[in-house]
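Presented below is the structure to which this report refers.
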C-alpha cells in the first residue's frame, strides 16, 4: 500500500454565474481532498451543481466566475494560465463523460482519436502504440475496435474506450461525470467495476459524480451530497450511508428502490 | 380486454419485435387485496419494449400478428369502437417535456383531452388536484414546470378521458430520484382511486413490484421469461432476468466482502456483447451457454403453473 | 448501395420534371417563334417551312416527345438569335461562366472558411487570458469587436446587390484608376497576333495548355474584377455558415471531451470540429454554386463577359425560346448533379451516412 | 360510469416538492421587448432602420419632397442635378428628384417582398406540414415536386417566367414566388417530420384527436418558429432578387420607381453622375442588410439551441 498522497485538493471553491449583484451561486465546495487510489463520490440531483464542480476541476467553466483553490499536484487550476491547463488536462486530470457515444467525435475513428490525444501529450510512434494497446487490454477492449467509428460500437464499449484514454495518458485524477447513467443496467455494473479496479491497480484518484446513491455506495470511500449548489453532507461513505446526518440524504436513501426482498 | 397476438413489428428490414403475445385484462372492480393487477414489460434498449407499447396504442402497425381490443383488431375499429378504445387505453410517456405541446398551456392541453369525452367529465381544476397539483398551474406552459410537475400533468391528461388501462412507458426514468418516488406514490394511489390497471414498461426492475404482479422479460424483441412478479424477480429462471436483477444498484459499503473485487474479465466482455443472429439471441452474453444454444433457438415453454421461460437451461424455481 | 441507386433514381426523376417544366415554360413564350426565326418579312410559304423545320405543327405531347428525345440525342434545338445549335452555343458559353464561378467557389472556401473559423474562435473567447483584470476586459471587447466585424463583413457581402458591386468596382478600379481592364475576357486584338486555340473553352486553361502567354496575361487581368465581385456572396455565406456550424459543433459533447484531453479551443475547432461541420458546409456550397451560376448573369452583363448569362440575356431580349430552355436545363442539371456529388462526398466525410 | 368525480377525488398525495420553477417573468410586452433589445443591439438597430424605411415607403406621398416625381413627372430643365439643398439625393436624367424616387422605390420593393413571402409561406408551409406529418407516398410526391422547383435557382426561374409574363410588378411577384415557395415546403416538411415523432403528437393521437386538428394545433404552431426566422432572412433575398430582375429589365417598367431599374437606367452615367446609381443601389443594400441582421437576431432569440451562435 503506497502512503496516501493527495492528488486533488479543493478549498473554498465557489462557482458563480454572472457578475456583481446578479451573480448566482452554482456550486460551492468548502473542502475536498482526494487521495491517490481512493474514490470520492459527489451525489446530487439535477441543479445541485455537481457537474459544475467537476468541470471546475478541469478549468472548463467557460464564462463562469470561479474562486477558491483547486490544487492538482502543485498546480492551482483556478489561477493557472490556460497554457498550463491544456497540459494538465488529459495528462494529469482526465474526464469520462455522461453520454459515451456523443462524447466521441462522430467523424473520427477511435484509433485516430487515441493517436491524436497521445500525440498532444508528446507520446508518439511505437510508445504510443504500446500505450494504446496496454490501455485497451486494461479495459478489455479488442484492439480491432480502433478501426471503428463511434456509431459502430456499443455504449458500454464507448465508455470503456473513454476510460482507456485516461489510462493510456496515465492520468492521476479521473473525473467521471455520471459515467453509467446513459448505459443499460446490465452494462452499468461492469463499467463501475472497471473504474473501481483501475483506481485500485493504478492508484487513480477517482471522482465520481452521480444522481444515485446506490450506484456509488459500493465503490466510494467518501461521499459528498450536494443540493442547489451547496454541500448538504460530506463524510466517509460508511457514515453517510449508515448514519446520515441530513434529512436530504435520508430522503435520497429512501428513494433508492429495492426489490423488497 | 387488450391482447397482442403473435405480434411482430419491423422497421424497414429490421424486425424489432418477434411474435410477442400478451394479454391485459379489463379492470373488474378493485383488484383483489394485495394484487396490483398490473403487467410489466421489462427490457433494456433494443429489447423492443417501447415498440410493443406503441403497437398496443395503435401508433405503429404490426407487420404480422394483431393487437385486439374487445376482440377486434384495433386497426380495423369502426368510429365508435375506436373512440371507446381511445378512451379506455391511454399512454404516459417517459419524458413530460416531450409529451406536452410546448406551445399549449397546461389547461389547454387538458381541455383538448376533456373535449374528447362524451359526457361532461371533471373540470381542469379537478384533474390537476387529482394528480396533486395546484390548479393555478393550468395557466403555465410546460417549460415553466418542474420535471415531476410535467409528469403529473401528463398523467392528468391521460385521466381526462377516464381510461381503464394506462400504458406507462418508463414513467419515472427521466426524473430525479426523489421525485421518482413521489410519482410512483401517485401512480399507486391512483390505481385504487381512479380504478386503473397498468402496463408498465421499464428497464428498472426495482419499480416493478410496486405496480405490477405479472412480468414479461424481453430480450432482443422476444419474451424470454414471464410469470408472477415476485417469483420471477426473486428466483429468475432465465439467465438474462438474473443478470438484470443482479444489476440493480444496491446500497452497500466498500467494506462489504463481496465488493471491490475486480470484475471477472469474461463478464465485462459479455456485458456488451452482440445479440446472436442464430440460435438463442442471448447466448453470447450467457454465462452457461450450451452447444444446443448455438443451433436451436429456445421457445417459450411452461416452467411451472404460472411461469414460462425461453431457455434450454433454466434455473429451477426456488 | 441502396442509398446510391435511390439517390440516382431521385435525381433522374427531378431532371425529368425539370425538362417537362422547362418545356411548358418555353411554350408560353410570347410571339411566334417561326416569325422570330424567319424574320418579319418572310412569306407565308417560308413560315410554313420554318414551322415544319422547328417542329411547331405537331401536337403538344408530340412536341414534348421530340424535345425530350432531341435533348437525349444532343439536339437541343436551334437558337433563334444566333441561328446555331443551342448545345454548341452553350458549350462555348458555359466554360466562360464556369471560369468565374470556379474562382468564386475557390475564394469562398479559401477565404470564407478561415473567416468563419476566426469569428467562431473569437466568439468562444479564444486566446483569453484568465481572470478579468484590466487587460482581460479589454481583451473581451477586442474579441467581441473582432467577431462582430467578421459577422458584419460577411453580412454586408451577402446583402450587397451583385450588379451594384460590379458597377462600383468596375467604375473605381477599371475606369477611374485603370488598374484592370474594364470589360471582356481578354484583349480581342490578341486574336490577330497570337490566336487562342480552344481546347476546353476555359480561356485561362487553354492559354496555359497551349503556352499562349500574351493571352494568359490578358485573360488573368480581365478575370480579377469579375471574379472578385462574384466571390463576394459565396465568401459571405460560407463565412457565416462555417462560423455557425463550428460554434454548434463546439457546443457538442465531444468538444468538451476533446478540451478535457488538453486540446486548446483553437485546436478543437481546427482539428476536431471542422470535419463534422463540413457536412452542412458542403450542402451549402452546392447551393451557392448554383446561385453563383445565376449571379454570373448579372456580372457578365456588367463586364461584358461572353458567358452563359450574356447568352441568356440576349436570348431573353429576342424571345429566343430554345436558347432560354437550353440555359434553364443546363443550370438545373448542374444543380442536380452538384447536389448528387455533395451527397456522395458527405458519405465519405461522415461515416454515419451510409452509401 | 358517467360521473367520475368521486373516483377522481384528490388522493392528497405529498405535494411535489421538486424545485419549483421561477414564476413566469411578469411584465408588459414592452418590458420584454426592451430586454430583448438590450440583449441584441444590432438586431434592434436593424429593426429601427427597417421601421423607418417602411414608414418612408408608406408615407411617401406625404413625406416625399416632389411626390409627382414618383411616377410620370419630368423636369427637362433640372436634369442630373447633384445632391444638394433642393434635391438631397440629386436628380436623374429626366430631372426627377431621386430622394422621392428612392422613397417610392421602397414601396415597390417592400410590396414585392411582402407579397412573395406571403404567397411562398402560405403555399409552402401547409404543403410541407402535410408532407412531413403524413409521410409515405404523399411526402414523396410533394417533395419530388418541390425538388423540381428547387432545381431551378430562384432567379433563373424568375428570368424564365418573367420573359413569359408581361414584365411588371405583378409578374415579378409571381415569378419570384414560383421559385421561392419550395424552400418553405422543404423546411416545413423537415420540421414537421421531426415533430411527428414527438411525444405530444403521439399523445394526441392516442387521445383520438383528429388528423387535421393535430396538424393545425400541434404540428403547425411548433413548426412556425423556423419559418418566422426564415421569412426575415429571406426578405433581404427577395429584395435582392427583385432588384436583379428589374436590373435585367424583367421587373416593373418605367415610370414605376424601382431600385434595380433605377440602377440599370443610371449605370452609363455612373462615372459622371455617381448619385444616379449610388442612392438606389445603397437603398437596396441597406434594406437587405437590415433584414439579414434582424433575421439573425430573431434566429438567436427564438432558437435557444443557437444561443451560442449569436
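Brief remarks on what is shown
Just so it is clear, A, B, C and D label the chains in written order, and each chain counts residues from 1 on its own.
FYI, contacts are C-beta pairs under 8 Å (C-beta built on N, C-alpha and C of every residue); 3 or more make two chains touch, one makes a residue touch a chain.
Computed from a predicted structure; not experimentally measured.
A count of C-beta contacts for the chain pairs A-C and A-B puts A-B on top. Chain centres defined as mean CA positions place D nearest to the mean of all protein CA atoms. Of all the chains, the one whose CA centre sits at the greatest distance from that of chain B is C. Rounded to whole angstrom units, the spacing between the C-alpha centres of chain A and chain D is 48.
Centres computed as Cα averages put chain A at a distance of 32 Å from chain B. With centres taken as mean Cα positions, chain D sits 24 Å from chain C. For chain B, residues touching at least two other chains, in rising order: 147, 176, 178-179.
The residues of chain B lying in touch with chain D in their complex are 54, 57-59, 82-83, 86-87, 89-91, 93-95, 98-104, 109, 112-113, 116, 119, 121-122, 126-127, 129-133, 140-141, 144-149, 152, 154, 157, 159-162, 175-176, 178-179, 182, 185-186, 189-190, 193-195. Contacts from chain B toward chain A in the complex involve residues 44-45, 147, 176-181, 203-207, 209, 233-234, 243-256, 259-260, 262-263, 265, 267-269, 271-272, 285.
The part of chain D that touches chain B in the complex is made up of residues 1-5, 7-21, 23-24, 198-200, 202-209, 217-218, 221-222. Those residues of chain C whose C-beta lies close enough to touch chain D in the complex are 10, 13-15, 17-18, 21-22, 25, 28-30, 123, 148, 151-152, 155-156, 158-164, 167-168, 171, 175-176, 243-244, 247-248, 250-251, 290-291, 293-295, 297-298, 301-302, 312-313, 316-317, 319, 324, 327-328, 331-332, 335-336. Put simply, chain D touches chain C in their complex at residues 42, 144-145, 147-153, 155-157, 159-161, 163-164, 236, 240, 243-244, 247-250, 260, 263-264, 267, 270-271, 274, 277, 281, 284-285, 288-289, 292-293, 296, 306, 308-309.
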